[in-house]
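Order of writing sets the labels: A, B, C and D. Residues in every chain begin at 1.
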Amino acid sequence: MSRPFIFPYLAQLATAAAGRRMPAAAYVIVAIGLIALLVLSVDPVYEAASYWVEAALSACLAFFAIEWLARLVRAVRARRGRAYALSGGGLVDAVAALAVPVAIVGGADIRSAWLLGVFWLLKLVPGIPGLRRLRRVLVLESGPLISVLVLFLMVLSFASVAVHVLERAVQPVAFGSLPATLWWAVVTLTTVGYGDVVPVTPLGRLVAAIVMICGLGVFGLWTGILATGFAAETRRDNFLKTWALVSRVPFFAALGPAAIADVTHMLRTMDLPPRAMIVRKGQPGDCMYFIAAGEVEVDLPGKKVRLGEGAFFGEMALLGNRQRSANISTTQLSKLLVLDLVDFHVLMARHPDLAETIDTEARRRALENK
Amino acid sequence: MSRPFIFPYLAQLATAAAGRRMPAAAYVIVAIGLIALLVLSVDPVYEAASYWVEAALSACLAFFAIEWLARLVRAVRARRGRAYALSGGGLVDAVAALAVPVAIVGGADIRSAWLLGVFWLLKLVPGIPGLRRLRRVLVLESGPLISVLVLFLMVLSFASVAVHVLERAVQPVAFGSLPATLWWAVVTLTTVGYGDVVPVTPLGRLVAAIVMICGLGVFGLWTGILATGFAAETRRDNFLKTWALVSRVPFFAALGPAAIADVTHMLRTMDLPPRAMIVRKGQPGDCMYFIAAGEVEVDLPGKKVRLGEGAFFGEMALLGNRQRSANISTTQLSKLLVLDLVDFHVLMARHPDLAETIDTEARRRALENK
Amino acid sequence: MSRPFIFPYLAQLATAAAGRRMPAAAYVIVAIGLIALLVLSVDPVYEAASYWVEAALSACLAFFAIEWLARLVRAVRARRGRAYALSGGGLVDAVAALAVPVAIVGGADIRSAWLLGVFWLLKLVPGIPGLRRLRRVLVLESGPLISVLVLFLMVLSFASVAVHVLERAVQPVAFGSLPATLWWAVVTLTTVGYGDVVPVTPLGRLVAAIVMICGLGVFGLWTGILATGFAAETRRDNFLKTWALVSRVPFFAALGPAAIADVTHMLRTMDLPPRAMIVRKGQPGDCMYFIAAGEVEVDLPGKKVRLGEGAFFGEMALLGNRQRSANISTTQLSKLLVLDLVDFHVLMARHPDLAETIDTEARRRALENK
Amino acid sequence: MSRPFIFPYLAQLATAAAGRRMPAAAYVIVAIGLIALLVLSVDPVYEAASYWVEAALSACLAFFAIEWLARLVRAVRARRGRAYALSGGGLVDAVAALAVPVAIVGGADIRSAWLLGVFWLLKLVPGIPGLRRLRRVLVLESGPLISVLVLFLMVLSFASVAVHVLERAVQPVAFGSLPATLWWAVVTLTTVGYGDVVPVTPLGRLVAAIVMICGLGVFGLWTGILATGFAAETRRDNFLKTWALVSRVPFFAALGPAAIADVTHMLRTMDLPPRAMIVRKGQPGDCMYFIAAGEVEVDLPGKKVRLGEGAFFGEMALLGNRQRSANISTTQLSKLLVLDLVDFHVLMARHPDLAETIDTEARRRALENK
């Protein structure tokens, strides 16, 4: 009943969505689709509301199908049809649009076919923040990670053979074959420990205890490697992000590239929504701010001053006066660069000209606000 | 019987407590309340001692109610009534005072209503040491953490669908619907592994094994991210704390801001109770100390010398003589700045004037104590 | 039937394989052997295909035996026979060749004897990437790791005695002796938690809860130690690898050893297969590349330029122009050294002569490609 | 029968052991005692060999009692009787000697009293390598660790109340009281997951799933904190150890304290048994060695040269010639300081006089060995 009314809107939405990479609409559609999938699999609920559930799923599928077609048409017109179809995003779009219909055509039971809708989740991948960083860590540290994985498999194999030999006489079902024993070994070595299969002979338990302690070691190595890689990657990532922002602040423009690298190492980025209070009057201050994007409003007694891209504030707190002297808040979505107290002084010592600029400005402002 | 006698004292205590943010009294009251809650829920004990349990709970509730009212009145008088009521602390106070009565009025069974007393625990939050640091780490690393969480949810979804399809025929109760299978997936992926629901088909077990190994990966990533963030935040935190203390030591006052930043990077803070032995005669020494707050007593042969805020000691051990020459202990709660051997020499090399001051003082003391 | 035909080829392969340390053939043979082992242990499958399984296992064994003999003969001819036989690799080769036959001669049941084929896995050890690094970490951090292990054993012992005393009256089978209680303690402290043996008395559960929380602590310490050691070892390893490569790039030859150490700290190594796209036209660039081995092709408008060992590219993106100006891909297996944006500027500032070389070359190329 | 013969020897041994802090004998005695304890608790074995088990336990107890008395007498004679009795070591000695007899006198069943022999384990504590470092990490990071522990307890409490309310109707035994539910919560939050108590209602499972994911977070924070603290402490520890060793090498004696701090940062310590091969002829070399203690033998063609404390070797490999030119092995237990390739060059650049000394020595040796 409701489907005919929704479809035109969906088609319109999907065509619009196809233009941008990851529209908010798609998030909502994926969420609806997954909830519908959950409901679909629960027999009593499905029997009571099968019409609505299938309507929701069909709508989702229609959205993804139209989105994919719209993107394909646009790509073909731009003569990049093949590039799109074979790119990661294009394949995900295709799978989201085709998996369910292909399964139905291929003879699968309709309710089972809908379960392939779980592939819609892949649509969220480009929207995950920091996924690129995770991937880089996994790639850079792949050597030691694979090495730990191989160790893991070797412990698994030796443990399986040993426990198989020790336990097969007593528990022929659980430990009677190597594949069955491998199941026990994986469950134990990952410290999941279901307890469905447990060695009972003293020697079997001794081997199992050693396997468990090895499990701790594997955990530790794995985590240690990832932590190391992550620390290195985070340093690199922050640097690149900040570098791009520093270049927008005129204040630093006069510095040579080595000094900009210096400054970039010191600054942290901060994203703020509109009307966020950055500095509160009377609070202790331990950093100064540069505006990379957006605008802030300084709430001075009797007047309000607005500072835009490239301006800086909060420097007075660092020049001896540790108390903030005014409320400062954003007026719009802003990106600030934060310079901590310690780095501020190191920077001033290394670049006396910068120190002078800040000092002059601070004195000018202090006079002005008297 | 005892209630009428306790109440006036409680009211007095609560009014006093309302003035300061987290009085020791509140810790005791929360502890009593929680023990009473534990007892309340055990049927045989409750039946034997219901009067005393309810008396304890009522007293706790009364304390929190009076404390909240006292704070509210004080805030309203200071014209910050609304600010207090809507602040984090104000909301916690309100919930602690109102949750149980509102539930009782709302028709809940009295014994169940008391269980809402668990919200009293929130009163402890401002007293947790280092919570601010934890929160900052979680905020700064929220990008990668959310990214891992999304990966976690995706593995969860794909694993659930796969195992649901593979196991539903054999175990219709445990794996017959997606929500039921999700329960299994969460239990497995977090490596909890209750074992109440376990796949039994070979393919189901293969998917489960992959899920478990992914669980190790999620653990590793999660920990790696937190460790990285924590290391960065700890560095920053220690710096700010030490900076504030360094500025109180006259010894460093002559240094410029860049040199103070240098020194601050090198010092570690140490809080000591009264009568704590800092340096033991004859022991090897590998650091010197600056007194940021408090006082220490040097136990020289024949006399006792007291050193107050801004003084330093232990420098002789670093100037060639590796054996401590006297017992030194605190006379009151003190905060010391510790300079390790290695940093001491780097500092001396970079700031020859500092080196001279310490050298002069060390020679003077050595002469004096001959 | 098929064995006689395969054997001559196997013997030929094994003799060839014996020359090199880890031929691809051995990987395949080990994989086949392990799969055959898995199948061997499953009764119904084995009964149906015992001939083929045993043929596969015999072929694997023959391969390893011939390989070992060929290596032994070669070593004896080179007068290093004893050195080889007692080296790690020699012992592994011997065990792989002899374990199964010795077990059969020793009277073991044939199907059980084949299980010793799991030792073939040891053949993979020299091929594991990064294993040397793992071993070094374990050796360097052995002090703290053993310390944690001893703590682990002490918690285990105290917990076992306490729970044994508290639970033996109620559960005489599971907690009636210390060895039985130790099994519970290991399962709990490693957070595996089978649930086959669980304390039921209130005090027993309290002790168990403390043991579990200690388990978290052991995990944390273990991981912390390994992460610390791993970070240090990774730094050292990367340095040595890069140092060897830097010396092959003529560009850095003029630098003194201290400057080469400087450069080496900054570069990361990257291995690329043939026809891998390194730089894509129009993408933002944040690093430059030096060719340590191999060759790349620059796809300029109208012509293709090839750069060989010792050349560098991508420097324009770092000198102000953040957009890559051409596609660059490898023509063969290549090893590149990557210099990140930040390090590039630091390096330029410290070594002005390097800066000049890059600048001259960049200008020359820009002119040429106009 | 055998007891009368062993006792005199034991007494002699214990008196000797009392002199030194942790004699090898005590390790053996503790091991024997623990094995006897294990055997004691297994009914069938105990019944068969009760005489021998009790003889072993009595011998251990006698050893510890005599050791304690001998130490006490010695301390009293040196007028430090009270200091020893109340020190950590003294208390452990007293507990090891008195726990079992006191329990027997106190009326405990003899077999249960022997179980207190587990306190003998405390005797091993001073011998654990790196324990001091672990303790320092726990002390320095106690702030954040307690903070995580409090978070852990809060999650535990809220989860227990929620699941108690949701599950008590369905599972009155397992979730009928808060203490019982707390047991479930601890088992779940530490990811042990016995599975003896499992929520079954949909809402209960939802809360449980959130608790499990929180468990991952607690793990991550805990590990992150410990890893951070451990890295800092390891740096500090290595520095102090190396500093003490560097001062024994005459080569570095001419350097000022700042330069020694520099060198100390770069060197790693290495303990070697006698007859250990340090450098193998023809292998690639990436470090040089200083002898802090012990002696090495250089196996030159035709002659063997011995180098003692303060000498250095392996420097030729760093001065252009990457191949080791001779076998070098220890002649006795030795402590070496290792200088890696990279640090070698940095050091040479910073301290040209050091570079000259090494260069002169290297040329002298090269000439000599022609």
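In the analysis below, a contact is a pair of C-beta atoms (placed from the backbone, for glycine too) under 8 Å apart; a residue touches a chain by one contact, two chains touch by 3 or more.
In this text the structure is predicted, and so the values were computed from the model without any measurement.
Chemist: When contacts are scored as defined above, which chain pair ends up with more C-beta pairs, A-C or B-C?
Modeler: A-C
Chemist: To the nearest 5 degrees, please report the angle of the rotation taking chain B's Cα atoms onto chain D.
Modeler: 90
Chemist: Farthest chain from chain B, comparing Cα centres?
Modeler: Between chain B and every other chain, the largest centroid distance is to C.
Chemist: Rounded to the nearest whole Å, what is the centre-to-centre distance of chain A and chain C, using the mean of the C-alpha atoms as each centre?
Modeler: Their C-alpha centroids are separated by 27 Å.
Chemist: Could you tell me the distance, in whole angstrom, between the mean C-alpha positions of chain B and chain C?
Modeler: 39
Chemist: What residues in chain D touch two or more of the other chains?
Modeler: Residues 179, 182, 191-195, 219, 223-225, 227-228, 231.
Chemist: For a test of understanding, state which residues of chain A touch chain D in their complex under the given definition.
Modeler: For this pair, the touching residues of chain A are 191-195, 223-224, 227.
Chemist: Touching chain B in the complex: which residues of chain A?
Modeler: Residues 34, 37-38, 40-43, 112, 115, 118, 121, 124, 128-131, 133-134, 137, 152, 179, 182-183, 186-187, 190-196, 218-219, 222-223, 225-231, 234, 286, 340-342, 345-346, 348-350 of chain A touch chain B in their complex.
Chemist: Show me the residue ranges of chain B that touch chain A in the complex, using the header's touch definition.
Modeler: Chain B residues touching chain A: 143-144, 146-148, 150-151, 154, 157-158, 161, 164-165, 176-179, 182, 188, 191-195, 198, 202, 205, 209, 212-213, 215-217, 219-221, 223-225, 227-228, 231, 236, 239-240, 243, 256-258, 260-261, 264-265.
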